[in-house]
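These notes are about the structure you will find just below.
The chains carry the letters A, B, C and D, assigned in the order they are written, with residues numbered from 1 in each.
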Amino acid sequence: MEPTTKHTWRSKLHEIIYEADTPLGKIFDVSLLIVIIISIILVMLESVCSSGCTPEDFRINPQGLLSDFVRLLNDNFFYISEWVVTILFSIEYIARIVSVKKPSKYIFSFYGIIDFLSTIPMYLSFFIVGSQSLVALRALRLMRVFRILKLTRYIGASTNFVRALKTSRAKIGVFLLFVVIICIILGTIMYLVESEEGSGFSSIPKSVYWAIVTLTTVGYGDIAPATPLGQFIASFIMIMGYAIIAVPTGIVSSEMTKFNKRNVQTNTQSCSNCLCGNHLDEALFCHKCGHELHHD
Amino acid sequence: MEPTTKHTWRSKLHEIIYEADTPLGKIFDVSLLIVIIISIILVMLESVCSSGCTPEDFRINPQGLLSDFVRLLNDNFFYISEWVVTILFSIEYIARIVSVKKPSKYIFSFYGIIDFLSTIPMYLSFFIVGSQSLVALRALRLMRVFRILKLTRYIGASTNFVRALKTSRAKIGVFLLFVVIICIILGTIMYLVESEEGSGFSSIPKSVYWAIVTLTTVGYGDIAPATPLGQFIASFIMIMGYAIIAVPTGIVSSEMTKFNKRNVQTNTQSCSNCLCGNHLDEALFCHKCGHELHHD
Amino acid sequence: MEPTTKHTWRSKLHEIIYEADTPLGKIFDVSLLIVIIISIILVMLESVCSSGCTPEDFRINPQGLLSDFVRLLNDNFFYISEWVVTILFSIEYIARIVSVKKPSKYIFSFYGIIDFLSTIPMYLSFFIVGSQSLVALRALRLMRVFRILKLTRYIGASTNFVRALKTSRAKIGVFLLFVVIICIILGTIMYLVESEEGSGFSSIPKSVYWAIVTLTTVGYGDIAPATPLGQFIASFIMIMGYAIIAVPTGIVSSEMTKFNKRNVQTNTQSCSNCLCGNHLDEALFCHKCGHELHHD
Amino acid sequence: MEPTTKHTWRSKLHEIIYEADTPLGKIFDVSLLIVIIISIILVMLESVCSSGCTPEDFRINPQGLLSDFVRLLNDNFFYISEWVVTILFSIEYIARIVSVKKPSKYIFSFYGIIDFLSTIPMYLSFFIVGSQSLVALRALRLMRVFRILKLTRYIGASTNFVRALKTSRAKIGVFLLFVVIICIILGTIMYLVESEEGSGFSSIPKSVYWAIVTLTTVGYGDIAPATPLGQFIASFIMIMGYAIIAVPTGIVSSEMTKFNKRNVQTNTQSCSNCLCGNHLDEALFCHKCGHELHHD
């Protein structure tokens, strides 16, 4: 708040990196987002071209600009660009630590750990062979999109989300525990029924995996019951899964309906005596001080 | 509104093509719908019979009327009928441009672009070989069904739809962004775990594709984890997908519940004596003071 | 209502067959249900044993009662039992026609047609070879369970169901039309993208079938995209399907919430002056006649 | 309640085993949970290693502690540990019978039967060969987690669950019956259509199994329609399944919304002056007459 602190380079850096109300802060956030997306596209391309790419792999005409770009990929392109991105991320990481008053708070925060994990792999590759494959973890940085989005008009929607999910966390936790236990029990029963059929239920963990695949209605089909009894139990599991998918939906629906209702109640007048708000629509007197409310 | 403008041929054409309250307008809309459906059935049949059809392909008795029809298909039938439909659509397109006051407004509207895309492929086939396969895009014209349906009793239902979806657009947008980012992160992790197993996770984009297939509970089974760790992570993704499917449902449910409530409560009047509101639609007297209410 | 009509054999038969408040009516309904279930189990067993059953097929010890029963199945058992069931159903069908005042009303009702379809196949088999396989249509008779259930404590639940579904019928109709059109458009686009890859998208109807399989998150995997572009579009379809499954759920949820609310409001007192009900809980005066209500 | 009974060893045992408010009771519950989880992990490991495990199966470095543990598994480790767990469970079972006043009430309760089933298999193995594979039923004991959880902060969430599910039990029952009957009818129709194609619809029960797999959107793909008509019917089933999944969700959602509403409104007081209710939790004055409310 004091002008003396406000104009040091550190507080300016803080304003640019952590806040986004100023033009410079916005530019920083957007360019950071672009670097993150480019770095993830690079990681994806590298995984596609791990054994050498030709223009034909991308259905591109062998002549032309794009084709030259693809030929480039086979050289040291990925190695060099990984280092460019790593150095950019390192500078950002150091700037974040320097500009904040309590660096430890940033370092051990959710985003601090993600930033660290997405910067370190290339340095590690000097000491541990193969560790550079961990650059793929850079995808975690996409999480930052949400932090940057906070500054846009989506803020209302996100907040409602987070609030509704937080309130229903305990209920959904109990529900998921229930689903997991049901899957362990059903998987075990299917193992007893199907293990001798050679239809993929070769161990209890595999049967539990199958039960989860079935109950959640994913249904890969890599493991499928072969005996009539197994198919009967599977039918039972599916219909059960069909019914209990209603539970988390019901929880979140009712939670969101509640929030909507609460929002309706905060849209009301405020008392002219004590300035308190949050009155019922039909209220005639303030519920805090007993002063008469305005009648519209 | 003035009789002078109303009776020119242009305004009459406009009335027939764009409105549907008059008998002629209704006939035009319905016959347009029939032509669209016939043209799509033709496109479908052509794709089925691209390498020559026999009556046996359709399980039809070789003797009989239907069988003659199928034999017809192998000749120039499709080519001729495509041209008939194209000419009909061209006439409609020109009539729409001519009858509207600002043609550019129609041409660049959603339906204008669809109409153009579904008319042009046959003309293009003179210049670009193979472009007539784009007639398949004619399926887009089915969208017009909704515009025609607007005129029927479904209008209330459609409007509620569109309204509820519009209000929850931002929320569902944030949710889908969240799902995509989660899939990129999980796909990347699965690539690190499974890439050396030869179980289909050959690149990060493919793993992300698998993560989307799994999280949305589609589960083709063309790619499926083979290692215990991979199956464990897959189980985690499935259960998560089972839980977060509740989110869009919750959003739309609460949005629709809100609309319902508003509809119920806005249909009320307020008492002229005590000013209290919240009356039932059928109420004749105020339920607070017993004073008679207005009768409409 | 008059005793003279009530004691003729026809009205008695009507009471037994169509009503279920009397002990005889209940016995008739329950024994009908048992015959239906037995006849369906017979049809199922016959389809399993169409090429001859041995006790080993059912994992039954070759010695013992059950084993004798299985051996019996290979003889004329099914043929005889089909005739027994057919004759029982014929008697019931004739009794229903005889006991009702306007037989045509029963014959052309929903249940009348089902009863006819499930009785006729065995008679038809004298004239048309192979038509007895239509006895499988007897499964349709299970629908009668709902009519019999009407008499039990489930009546409230069923009524709410039917009512909520009826109100949301138009909305769900529009929604399903939308889903089908989306699937036709997406299937057509996938055909253009994937048809030359040999990955199963061999015609537009097949691609539309695949789009439905994908959008509804069923995902058999018999047809799956092979090109990167196809997989990208498929991912888009899946995420869309994940989002729009919220729509029917939202419709039914809000519809049911509405009914619940209405139920709360009908549980209130009735006016001592005009006997009208349906008052708000907080009402002090009758909203029909202005008479003061009882204060509890 | 009398001190004399309270201090006998039996009532103390009862307090430890059945209640969990005392420190000893908590220790007992937690250690029981740990023994259950260990016993289930043992059963799972045994099923994985049924044909002999090597450290390589677990991707463990052949040298080291974990590797020694895996080598141990191939000896009598599982046999001995099963007996240790069985003896622990036997002691608990006897203690539960002894400490309760009416042993028959515990023995025939839900948890009593589960406890018995998970203790008996090893004893049975003396008499019936192979019966020890039933130890897998021990997974049922995981159900006890819910009983132990009752004592934690999740109690509110669980109770709401159970309450909402209990009220909607009848409705969901009718719904599931409806789904099963629809699947039997559709499976029968598909059998008539597809049975001669060799695409897996070899009998009616198998077709019904397929109909359930499809309607619940699981979609293994082990059985899939091959004829155009079959695929058309399958599309119809899928879209129907997509629509009717809304029904259980709607039921539970509306049920939970009801509970939420009730919870919000029952936490209120009524004014001592005008007796009107429906006050906010934070209200200090009546919103109808301005009279001061009771302060708790």
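Everything below uses one rule, namely that contacts are C-beta pairs under 8 Å (C-beta built on N, C-alpha and C of every residue); 3 or more make two chains touch, one makes a residue touch a chain.
For clarity, every value in this text was computed on a predicted model and none was experimentally measured.
J.: Taking each chain's centre as the mean of its C-alpha atoms, give the chain farthest from chain B.
T.: The chain farthest from chain B, judged by C-alpha centres, is D.
J.: Counting residue numbers used by both copies over all numbers at the interface, does the chain A-chain B contact come out same (over half shared) or different (under half)?
T.: Interface between chain A and chain B is built from largely different residues.
J.: Once you find the CA centre of chain A and the CA centre of chain B, what distance in Å lies between them?
T.: The mean C-alpha positions of chain A and chain B differ by 29 Å.
J.: In whole angstrom, what separates the CA-based centres of chain A and chain C?
T.: 41
J.: Where does chain D touch two or more other chains at once, residue-wise?
T.: Residues 175, 205, 208, 217-221, 245, 249-251, 253, 257, 278 of chain D each touch two or more of the other chains.
J.: In their shared complex, at which residues does chain D touch chain C?
T.: Per the stated touch rule, the residues are 170-171, 173-175, 177-178, 181, 184-185, 187-189, 191-192, 195, 203-205, 208, 214, 217-221, 224, 228, 231-232, 234-235, 238-239, 241-243, 245-247, 249-251, 253-254, 257-258, 276, 278.
J.: Which residues of chain D touch chain B once you look at their complex with the stated criterion?
T.: Against chain B, chain D makes touches at 217-221, 249, 253, 257.
J.: If we count contacts the way the header does, which residues on chain A are in touch with chain B in the complex?
T.: Residue list for chain A touching chain B: 40, 43-44, 47-48, 50, 133-134, 136-137, 139-140, 142-143, 145-146, 149, 153-154, 156-158, 160-161, 164-165, 172, 175-176, 179-180, 205-206, 208-209, 212-213, 215-222, 245, 248-253, 255-257, 259-260, 282, 295.
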